[in-house]
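Which chain is which? They are A, B, C and D, in the order written, and residues in each are numbered from 1.
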């Protein structure tokens, strides 16, 4: 089945680097430090972000940390959006929908985010989460961000 | 970005043919006749279904027919699920989430459905809708079906 | 209908009457005629709309008509929004999420819609669907509409 | 708290107390300690849970903590479900949908959760989040839990 094209060229140069993103996020998003999220890749409208397995609080006892996955997906979308529009601090999530599919293996979790709409006022992203080294999706997420007027 | 693998082999032979599916649906799902939906392809856990452009009631005046797209995605998921589990008449939708992305061109709409979870009790599907001949997604849908005990 | 904790006074006079709404919808939304939807009540940010039981195509054989419920909820939200902002023809659904809870009794279905956010650019509604004369919700829906700039 | 149209009597005695719930959660759900969530009330199919304003990491700089609200709603649903079915450790979230409505005031956040479906295999909840002392909803959530076979 073909993967439908993004509504823009995802091979464009992203509007900020991982270092610039990390600086922006350090000021704004305390949950990123809380969960220890890392940015592996940033592109124009897409990103790969990571939840390290051994980080504090995430998964003691092997229980499923749904809230950590929701936060990870929200962050992945944010990073991909910043890659497309640059450091717009006030972009905010308006909707997020998550389906939990399988209990993940005990590894780092990776979230692949891509925008499926990039409008002037709204952006929509599609995110899949899977453990490192295991292609099986453990959660799927869609989210909408509102982009403030310039 | 890699498209995450399905949790099963989608190249398996589907559990029913388009003809068998049409017969099943004719008895159960009047909205299929209402909208004139067609099945283009059925696979094990995936399907492509079609909303003909010129069908009655769909889009007079060029207005956007959101409800027709919701019905189309629900149907695509149903067809893909039947392809994986066979004609289980009592499988029912429990949740559906749709994001409308762009006003579609005035053409037939195609819905590509694929299962991203196929459990004993629940199946989850990911659907994209786009006009024929235009790769730009106009709507994205996820849905969950409950599968009755055998 | 009480509208608990709405972000506005739901007892204000609605911005249009049922007759004005019917005229607006007749031009724009063919699925309303398709399903035979009726408006029972319209308020400022809320509405009650009805799916008549015996209408064509809805439920022959007693099967569950999920798509009819999705369309009904989308319509209820639209009517409640029009009651709050007046006849803005271009308001469009951007997201809809439905949970199907119980198979409904074989009666007219009523959808109670109320806005839970009424912003300049986005409105969010909360809808419950239940059979007439039966308080048990058979489906619950949230939806977002985008409101075009004036 | 009133639970309109619940599919059961919400005035029944809950199946566990706040103390029993706290003990259960301490073993299973590290994010509860992470965010400092408290249970204000537990009932049969409903609950009120609290995110203290001044807790570590939640909201430095006054930014909106969407992930904390998602986690709070997921927890509220879990508590209400435990009130209805007792301490079933393996109940897991399968779907969560959140709409962010308004930036909350700088106060404790309260989440009112109520079940709108309580089946043998699935439960669905409806959650609203608002700041203490302010009736305006800042987020609305629906979620589904899968209940394991006994």
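The rule is simple: contacts are C-beta pairs under 8 Å (C-beta built on N, C-alpha and C of every residue); 3 or more make two chains touch, one makes a residue touch a chain.
Chain identities (UniProt): A, B, C, D = PaaI family thioesterase.
The shown structure was predicted, so the numbers you read here are calculated from the model rather than taken from an experiment.
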item	value
Selected pair, out of A-C, A-D or C-D, that shares over half of its residue contact pairs with B-C	A-D
Centroid-based (C-alpha) most distant chain relative to chain C	A
Inter-centroid spacing, chain D versus chain A (mean Cα positions, whole Å)	24
Intercentroid distance (Cα basis), chain B paired with chain A, Å	27
Separation of chain B from chain D, taking each centre as the mean of its C-alpha atoms, in whole Å	33
Sequence positions of chain B contacting 2 or more other chains	94-95, 97, 99, 144
Topology of the chain contact graph, where touching chains are joined (line, ring, star, complete, other)	complete
Chain B to chain D touching residues, read off their complex	94-95, 97, 121-122, 144, 146
Interface residues, chain A side, partner chain B - complex	1-5, 7, 46, 48, 97, 99, 101-102, 112, 114, 116-117, 124, 126, 128, 130, 135-137, 140, 142, 144
Residues of chain A defined as touching chain D within the complex	27-31, 33-34, 57-61, 63-68, 70-71, 74, 92-100
